Structures are given as C-alpha cells and as structure tokens.
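Residue numbering begins at 1 within each chain, and the chains themselves are lettered A, B, C and D in the order written.
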Amino acid sequence: MIQLTLIQLDNYGPWTELLGEDRESDLQIMQADIYADLQRMFALRRGLVFFNRFDNMIAVSNGVSVKDHEMILRSVGRRYPVSISMGIGSAESPFDAQVLATKALQEIGSAQSETRKSIIAHRTNDNGEQEYVQIAHIDINGFTLRVTDRESAYQSTYVVYSSTAILMRMFADKGALLFFNGGDNFVSVCNGLKKSDFKEIFDRFETSMNLKLKAGIGFGRTALDALSRANEGLSLIREKKTDEVIILKEEML
Amino acid sequence: MIQLTLIQLDNYGPWTELLGEDRESDLQIMQADIYADLQRMFALRRGLVFFNRFDNMIAVSNGVSVKDHEMILRSVGRRYPVSISMGIGSAESPFDAQVLATKALQEIGSAQSETRKSIIAHRTNDNGEQEYVQIAHIDINGFTLRVTDRESAYQSTYVVYSSTAILMRMFADKGALLFFNGGDNFVSVCNGLKKSDFKEIFDRFETSMNLKLKAGIGFGRTALDALSRANEGLSLIREKKTDEVIILKEEML
Amino acid sequence: MIQLTLIQLDNYGPWTELLGEDRESDLQIMQADIYADLQRMFALRRGLVFFNRFDNMIAVSNGVSVKDHEMILRSVGRRYPVSISMGIGSAESPFDAQVLATKALQEIGSAQSETRKSIIAHRTNDNGEQEYVQIAHIDINGFTLRVTDRESAYQSTYVVYSSTAILMRMFADKGALLFFNGGDNFVSVCNGLKKSDFKEIFDRFETSMNLKLKAGIGFGRTALDALSRANEGLSLIREKKTDEVIILKEEML
Amino acid sequence: MIQLTLIQLDNYGPWTELLGEDRESDLQIMQADIYADLQRMFALRRGLVFFNRFDNMIAVSNGVSVKDHEMILRSVGRRYPVSISMGIGSAESPFDAQVLATKALQEIGSAQSETRKSIIAHRTNDNGEQEYVQIAHIDINGFTLRVTDRESAYQSTYVVYSSTAILMRMFADKGALLFFNGGDNFVSVCNGLKKSDFKEIFDRFETSMNLKLKAGIGFGRTALDALSRANEGLSLIREKKTDEVIILKEEML
C-alpha cells in the first residue's frame, strides 16, 4: 500500500486571466513559491512532492496524516491568492493510488469549478496490506560530459524531456510512476517493481535513445526514507564501488 | 536579433553529492527558490526566465544589460550555497542564439568544472539587425474539460510532457524554441516564424496527439512586452471574440 | 517547564564582510528568507519562532524533538551559504529557559567562532514539572486610528519600538519574555504570570506611554496551541464581546 | 532632495482576523516573504527597503520611477492575498520626506479602509534641489564579544531595541531617520547631517548606554550607491585601518 496526494490549484486557469496581460513572470514566481512551500511542509513529515505540472502536483504522502494535510492546505490558502484542494489515494500500486487520488478530487468538482475550494477528498482500496514506499533515483550515464558540455542547452533539454515522456510510459505500463526531477534526474515511485523490471526498461530505453541509465532503489516507511536508501545505492554506482547499474539497497545489507 | 541567456548552476551535480543521502527535498526547494528569484530579477528588466531543467535555465534577455546580468549573478551567489554562470548569445533566430549562449559557456569550462565559477561569457553573430522579441503563448484546447477532469493526474501529465517533446522538436526545426510553462501552457520564443508556420505545426500536432492548440503571438522590444501582446491575442480566442486559433497581435491593430 | 531554542547564524558578521560593499539588500533578503523558512519548519511541529535580531532568533519549541531540530538545522545548512547553531534550554520560567539556551550555545563557542558550525547544545534545570506554554497576544488599543492614520510613519514606528523596549524590561522583571511581532502586535511568552501581573504592567505602560494595551492569554502543550487560545481571547476584546482588556482563556470555559 | 516611499499593507489588521485563531505563524512567514520580495525588487532599481513594522515598510527610492513603483505594487498584489499601497514623498530632509509620504497615503484613506486598495500617492516640496542620498551604516563596538557571547539572548536583544529607540529619537531631532537592520546594525538615512552631528549623537549614546558606536557614511545618487560607500568606510574602521570611529567616505578620496 502506498499513499499519494494530488494537489490541485483551485480554479487556477480562470483566475490567471483576471490578472492582466503582464502576468506571466508573476505566475511563474508564485507557482515555484507554492511548490517550494509544499515541498518544505511535506518533507517535514517525510513526504516528497513532485512539481509535475505546477498547477497539479503529486506527493508521496505515507505518514502524512489527514490532519497534516489540512494544516498544509490551510497554510497555503492563507499566504497565497489561490487556494489548493487535495485528493488522497491509497492502493497497492502507485499508478492505482494516483488514479484513486484523482477520482476523489474529480468527484468533488472540476479543476475549474468556481465553488470547489480548499477541499480534501480520500479514496482507498485498502486490503489490509502493509504500507511502504519503494522509490528509485535514476539518472543518465555521463550526461554532463556527453550532452550538457557538448550539445546546445535546448538540445540537452529536448533529450531530457523526450526521455521523460518515454520513461513515464514504460513505468506506467508496470504500475509505477516516473517524475522528472531537474537536471538529468528522474524519481520513480515504484512499489512492486523488481530489478528485472528496471533492467527491461533500461534496455528498451537504451535502444530508443542510445543513452544508458543507472538507478538506486530504496524501500522505507516514508518517501524520504525510501529515497535516502535509493540515493545510497546510486552513490555506490556513481563512485564506481560496484559494476551494477541497478542497485536495490536490500542487496547490500 | 534576439538575446538569450543560459544560466547554469556551477558544478551542481558533484556539490549535491556532498549533502548526504537525505538531500532531495532540500534540493527541490532550493532549485525552485533560485528559479523564482531569477524570474523576479529578470522580470524587473522585462526579461523572462524558463525553468527548463532547473540546473540549466534559459532567459530571453533583450534589454537586460551585462551589468544587470552581473548584479543578478552576484545576488544569487551571495544568498545560496551554489553559484551560477551565464552565457549570453545574440543571433537572428532564437535557436542560433541559444547555441551561441551555450558555446560561450562551454568554452569557459564544463558544467561540472571545479574551477569555473560565477562567470559571464558572450557570443554574438551581430549583423546589425534590429533587436526584437517574438513570443507565442500556446495552450491546449479544452484541456481541463477533456483531460484534467477526466483522466488520471499522471495520464494528464504524460499528455503534456509528450506534447512538450513533440513541440520542442517541431519548433526547433524552424529555428524557434518551445518551453513548457506549467499547466497545459507553452511559450515559444519564435522570432521569424509566420502564422503559416504555426498553422503547419498545429496541424501536425493535432494529427499525432488528437489535440487542438491555440496561440496568441506578440512582438516587442523585450520578452515581457512581447508576451503581454501574445496574451492579449490568446485572451481573444479564449473569450471567443474571434474564430481564429492563431492570433498575431499586429493583425488586430 | 517551557522549552526555548536560541537559533544563531554561525560566524555571520565576519562572513558578511566577505561579500563586497554592495551586499546589504542581499543580506536583508537572506535574513528574511531564513526566518520565514525556520518559522515554516517549526510551525509544522507547533513551535513558534521570533525574528528577534534576525542573526539570533528565539523559538518556543515545546514538542519539537532534538531530532526535529537536527532536521531543521540540516535543511537550512544545505540551502543557504551560512549555517545555524542552536541552543535548547528548558526551565520553569521563560526567562530562565532562554538563559540556559544561551549558555548552552556560548559554551560551545563564540557567535563569531570560525570553527563552531551546525551545533546543537542543550541545557535544562528539569525538576520534573509538567511542560506547557503560556502565551499572550498583546496589541495597542486603537493604534491605527490614533497613531498610524495620524502620525508620520517614522513617528508611529518610534512609538512601537519604544513600547517594545519598555515592555521587554517589564516582562523580564517577572521572568517572562516579550517580542515585537510586527504592526502594533506583541507576543509574550509568559509561563507563570497571573492576570494581575498583566494588569500591573499595562497600568505602568499606560502611565509612561499614554497608550492602553489589551491582551488575550492562552495555555497549551505547544506554542501554537497556546497562541491560538490567546488569539481567541484577543478576538473577544476586539469584537467588544467583553469589557475586560485582559482575557485568560481559561476563564471563558 | 531625497525620495522615500511608505509601503503599507492594505486593511491588514482586519484581514488577519478572518484567518482563524491558528494564523500567527502563517502571518509571520508572509510578512517576511513580502519584505524580502520588495527588497529584491527595489534593490534592482538601487533602492533599499527597511522592514520597519512589516505592515508599514519604508524605502529609500531615489531613482525608482513611478512606473517602477506601479510594477512592484502589481507584482505583490498578484502573488499575495493582501495588496499594498504606497505613498511617495520628496523633501530636503529624510524626516520631512517620510512625513510627506505618510500624508500622501493618509489622505487617500485609512490603513484599515475597506476601499483603499493598490493606490500610489505622491507629495513633494520640490525646490529644485539636487537629488542625492546620504546613508550611514552604524554598529555597536565589540557587540559580539561584550554582549552576544556574554549576556543572555534576550538581554542582548533588549540592549539593541533600547538602543534603536534612543537612536531613532536622536536622529529624528536632526531631521534624519534611523532603522534597525538586524544584529547590532543600524542604517541611518541622514541627508544633511555632518560628522559633528554623528559625534554628538554617539557621545550622548555612550553616556546613556555605556556602549560605543562606529559609522561609515556614504553619498550617492541612489540608496545602494550611498550604502556601498558607507560600507567602505565602516570596513576601514572594522579592519582598524583608521583610528576614526566616523568615516565620511568623501574624506578618503
């Protein structure tokens, strides 16, 4: 069982239209501020927020109680001119959990509803399974040397966004989620995936993009615990302390 | 002539490795803070910054002097544990301008150099042309109704990231740049493109993604001036005051 | 028993000297950012931070564990070019608690030590008493009407800073602490003070400043719980639902 | 002639009452965020903002045009749930300039008016004098060694706030302004004051507080230019390159 939270700015599109034509830089600043704020607040509860599309963010929220969600929602609503609503979903696979989180929110009202405001909704298909988080930290091998220092900045970004789209699909096919995390870094929320699943995805990715991936995979009761373990694994590869390109931290114990 | 600035965090990857395994949420907060900060500072000079990959940001910087760049670079360097370097490029097409900006920076040193720090480098292929900025604000028709309110959050994001990758390539083929700007919004820096170029791209996009795009296109001496005009155009379409799906603001005068 | 935390920027003065003459605005931004950050992180643990002198902040930290302190300290150290150290003190009176917190930190090294960095130190005179927080929210009667809307901005500020200095001394004489909180608002951390103590202070303040004060006083296991109760009391006075000028929330139950 | 801007949060007090009892930490975060934001935006125009009472801030705004003020006002209004209004005053003495700035704003409406919102008002007693800024950066001699490292944190703060109140009055008596700037630092906006004025104030301060002050004083067309020169002067004293305790940077030329 993993718990995911969909965080949606309430009626955001129509609101931005009210701000005048000169608004774009202010919107970008505010979106980044809200994301940083949410990250800070979820992180203190050992959760992790992905910026995703900025008006729709996704958090791994195991260990973050409903009361914590309410406190975070209220804090944002007080300090910004827009409010947020949240859908919380729990399921065995990360993909199913975000489906439930989305449905919970969609049932309450449209993202552009004028009346839906500061709502928290839940959905779970709880079957009594144990809660845990499995996370992989993935990057592209030698990206700085091979791409950033050689190609144009736009071309490098194109490689990363194309890679993101391809990986998003391949992970979803296995019930997992993949988020771009800046630079050439990806984080996959991947409860239930085996090392062989990663190997298969990485091989297919190499075939289509001619780039090699590496990954540390970690488990934990919370997102930050799992990601910390994943980072330990990735560091071993980066520091060439192993020949593997996929490290499941359990194996190292 | 358009002027673009590549903003690169100095030796960022290796630095993050020093922070301990538990670092990810702090990195995400800091990356968003630096982006918001840069946006705020460039915007006061009527420039516009795209978050791009967060460790590599791209700004449209017409009207932002080298001295302004230096002040911004120094302000970031004082308030964060990482410094930034900047490459400034000027060319007739946006694509060429970012190539020059990248080369200017690459010549000074690698993105992971331990010695390159707080540098500003320039490159121009100035042929005496007039400086101006052409920008398009693009979004997907009925995205909230058709996708956000209907599909899962992850699926919606997948549509947006796939669209970004496809559009990035199609705009680059015409010498322009395309950036994802949150939600279902894209901003294209597109000096030299005609309405017919947009029509062609939008038609091909609809064929491959089964989604319709609309755009306002504006011109100006600075990024924010151009984008404000673009927003005026897009508002006309959104408010159904025109049947066109591509508005060049000159036409409305 | 109340727990207070002294948060001190490490070797801050000498560090600022390295930044060049043009540094002041950047320092002011960074100081405000660090304070806002700390407030956000302590608040999630129901603590409260006072900006105090900005390079030395004081937090009411009942309920914030040493592990929480460490996480907060690490998060700041990663995202800013300066680090913080913390002294934690517990005592029966707020005044004694801050003395212990200060001593704990002073024993480790000077505020301008080049070697003291990211340290947490503790001191308690625990005698088994129950932990709780008593907080008063105080403001000046009719300040907007009588001062802000009538006097010059500087004169209004002078009234507030003079009031702060006078109140700081009077509360300290009773073992309590008083912090200026913006506007014409003061927050007193005042475990052990009775309503009669407030009455005495307010009468003496009126004599010397010719201004009347009002206060809500609350109790709780944490700073935010106590302050919420205090705000309930102050609201009753502001809304003229009571003739009292000092409300201890217990009385209302 | 110096230009000062009074920045006032519109109808702030009544608005905070709407947020629920649990609001204080969010208000503190937002106040610090708004201040940091304003500082960043004014600083790019070489202005300088003092946090003052947080709901009423004062900026030295020579060189910041009315159009710049409007852009800053709009940017804040878009990104926060509260708006700001501004009064701009120009006069020969800083004290008179803030009086005019305040009056300009007071005439438009009360700080707690429900209708006054996002207004900019001006007042000048322009007599054709040249615009310039004179600023002093002042600190207390050996404060870390003598006070911070020796006294309790609260006692140190009491010394600083008492000093602030005393200095505010003494500078106002000479037509100048004094702001607390964090730590043991004060900034005086002091057009027209001579070195002998500082000497007199510092002597009287030493008599009443038993603490010695030192100061660098600078001149410039803008606040940041003047403050940079002032910092050069103060650095000479701090590094013991002079026996003087008051350095007017002109003297060093």
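Here is the rule we use: a contact is a pair of C-beta atoms (placed from the backbone, for glycine too) under 8 Å apart; a residue touches a chain by one contact, two chains touch by 3 or more.
What you see is a predicted model; the values in this text were computed from it and never measured.
Undergrad: Name the chain whose C-alpha centroid is farthest from the C-alpha centroid of chain A.
TA: Centroid comparison gives D as the farthest chain from chain A.
Undergrad: When contacts are scored as defined above, which chain pair ends up with more C-beta pairs, A-C or C-D?
TA: Pair with the higher count of C-beta contacts: C-D.
Undergrad: Between chain B and chain C, what distance separates the C-alpha centroids? Give it in angstrom.
TA: Roughly 43 Å separates the two chain centres.
Undergrad: Between chain A and chain C, what is the separation of their C-alpha centroids in Å?
TA: Going by mean C-alpha positions, chain A sits 37 Å from chain C.
Undergrad: Report, in whole Å, the distance between the mean C-alpha point of chain C and the mean C-alpha point of chain D.
TA: Distance between chain centres, rounded to whole Å: 22 Å.
Undergrad: Could you list which residues of chain D touch at least two other chains?
TA: Answer for chain D, listing residues that touch two or more other chains: 22-23, 25-27, 29, 33, 40, 43, 75.
Undergrad: In the complex of these two chains, what residues of chain A are touching chain B?
TA: It is residues 6, 12-13, 17, 21-29, 31-33, 35-36, 39-40, 42-43, 48-49, 51-56, 58, 95, 98-99, 101-103, 106, 110-112, 137, 144-145, 148-158, 160-162, 164-165, 168-169, 172, 177, 180-184, 187, 224, 227-229, 231-232, 235, 238 of chain A that touch chain B.
Undergrad: Quick one: in the complex, what on chain D touches chain A?
TA: Checking each residue of chain D against chain A gives 19-20, 22-23, 25-27, 29-30, 33, 74-75, 78-81.
Undergrad: Per the contact definition, I'd like the list of chain D residues that touch chain B in the complex.
TA: 37, 40-41, 43-45, 68, 71, 75
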